[in-house]
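Chain lettering (A, B, C and D) follows the sequence in which the chains are written, and residue indices restart at 1 in each chain.
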């Protein structure tokens, strides 16, 4: 039984996490804190792992306290840059045995899609990304699409791949999508959709398509629980859920 | 047995048409003309229908001659504007019983896709188009995608549909595709593809997708033969293969 | 303002309908009845249209009463056979001006998919259906898939289409799906899915795919409201929502 | 420059290989042998690598000769069982430095699809396979689909995954596809298709789809050339092109 506490327990992701922890056979929800609650309740409850879905302004304070008290952390809060990660690494050095996972995306499917896309990238002359979301989304392309494009571009550079063929010489603005690190990315917005992405690879006579469809926030919980189960045996800082997937 | 002649018989579409006519059980290829051949060979051979895949500079002369001699025509040559169509109508009035089909697209599948898209348009809040082609294509979006967008936009206007929802306020140029008559169109270019298009409709809790994949020029022949078989009983000018499809 | 009453208002579809009627600008919910409530409340409330999502055992009684009192009905309750439909026709003859719509499927998208499939059927040598649902579904293939197959088979027969090519001579049981009226139907069951269907048409060098994805019961409400708005002007019996779609 | 010879050079795959080798900048075609030609021509031409697309009856003789003369081999000929592989291993022990690649599938895309499917298998409750081919194919399901199912089943067993959920209790024979090692496999046959496969994974609220579309035999050549380039540095026996893909 892993004793788990949730920070930001009243938020959308936090409350979903509370439910998921309670439903998991190998986990026990020992504390559910939100704004105004004292962190000392974590130690009182004997929490081994904290799941943090709070806000950029408070997450560093939360983590400093947890690391100091030897509590592992699985963090979905956004806003981590190199400076923050460096700070965490220093704090973790002083608390050997404690682990922190910082993950921008807890969807195992999205992480698999990105990993597979990076693996396939070197084998195809062409690649493009189509992301499809509900029409209330304010940014285009999506963060996942941008990150996927960057991973693909990096893999192509490492493999010495040339530029992607494109003879377009006439047309309408925007028809060929956005350019993210040399990769074309198209954002579709459609009522009825939630969050979806397709990565299309093509070469002479064949194409390979990797598609992820995410319909519910609930789908992130498998990733959160994977993080909880693995962080207890993974001291130090881990950035990205992909490090906890076995892709051999 | 319909006696068919082909003009532009040495071109890609023309030679394919010759083969298709010869293979059809109810058609007979009686003449295959190309640049420099005399049109009188059409009457000598007793041609009932001419299939014209020539060039904009010569097609009007070909058609004037055919209409005058009471030979029906199925025309895939491009470059028809309202003025040319008016000229043909006048010529056809003087030759009652003769029929001419002008078609920009002989792919029955593409025509069905466009018709279905126009029919579905009024029932969905959201709609976008993704066209996908080989990377040697010079224009984006494709002519078929533009035409589909126009048909959808027209159907939405007729139905009094409001504007399509889109909360995008931040992002990269081009991420949301090109705007064709208020419809977002995305052009993908990928080695290994030929000519493909997806029309995506979405409303609360559901989506409808119509996709056409065209792999070979051979796929246009069913449409050419449909035109040949129907034009013999359809006097006057017909613009668009959709008029020969039974969509009741 | 159309005055609408709901029968079976506490059921899943009924309660959804109550919400949809209340949200619609041109409709007013005047009564929400369930088991044990008196039908006289319908006339007291001045209901013009009743939406019936009850049970096969009670629906015929409900409809007899409504027709007698000149209240139109939109019916999603199941269990209608030819005998029941004949009974309704007789009752409606005695109440000219009253309309009843019996619909097995209120998903406009599903109805469009079926109509488009029937229209495309005559133009393609090959056709197969893939339906995909959540793994808790007890029947395979789905009712919608069966109905789609029947419509396609009928359209092919009318067009004099030959049998669908299939050289399969060796393999595993079930690999080629179920046979519904000569059409191959495949049922996929996958956690994370709701209700989806793809109809694939193929001929030399091209394929046409029509796909419908249904994610929420909410998506049926557009069809229910369409039924309500149209039934007030459509006296007599109408079987199938497709008759209220404009597909010209 | 790698000096390459082709055995079975007049066959479909062999002649395609000759063209691909000639087109490759780092390879030179030094011999193209077919039935009746002497293997001594291989040494005369200085062949470093042989590509064998012959027949099961002759391939073991070809390989024995090549291994004896220190010529590496890339083999697409079918019919290898454990006994034959054991024979090759023994022969290769006597010729250290010589490498032989036996590959059932030279499509890099198909191999990637299978590898990704095996990697994803442990993370999803549900999985099914849909393979889609032209209607002249005699077996169903395809060999690639069977192999994919076996790899997925193996990965699930290793991960201790339970059985796949399926509540189907009523329906038509074949509706749920064929059972390959506990994995449901559906075979679609459609005019206009070539060789395609989709692997669908599903879990609460999300799905992951990996699709490979193969349109031309030409698409196998990238895999053949990869084999040629890697086998010169890979002594001993390698079974399966996946060992030459970098999937880290």
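What we mean here is this: a residue touches a chain if its C-beta (ideal position, glycine included) is under 8 Å from a C-beta of that chain, and two chains touch if they have at least 3 such contacts.
Please read all numbers here as calculations on a predicted model, not as lab measurements.
Taking the CA centroid of chain C as reference, the farthest chain centroid is that of D. Work out the mean CA point of chain A and of chain D, and you get 34 Å between them. Distance between chain B and chain D, defined via averaged C-alpha coordinates, is recorded as 41 Å.
If each chain is reduced to the centroid of its CA atoms, chain C and chain D end up 46 Å from each other.
Chain B has residues 192, 201, 203-207, 213, 215, 219 in contact with two or more other chains. If each chain is drawn as a node and touching chains are joined, the picture has every node linked to every other. Looking at the complex, you find that chain A touches chain C at residues 192, 194, 213, 215, 219.
Of all residues in chain B, only 124-128, 130, 132, 135-141, 164-180, 184-193, 200-207 touch chain A in the complex they form. Residues 107-109, 112-113, 116, 119-120, 122-123, 201, 203-219, 221-222, 245-248 of chain D are the ones that touch chain A when the two sit in their complex.
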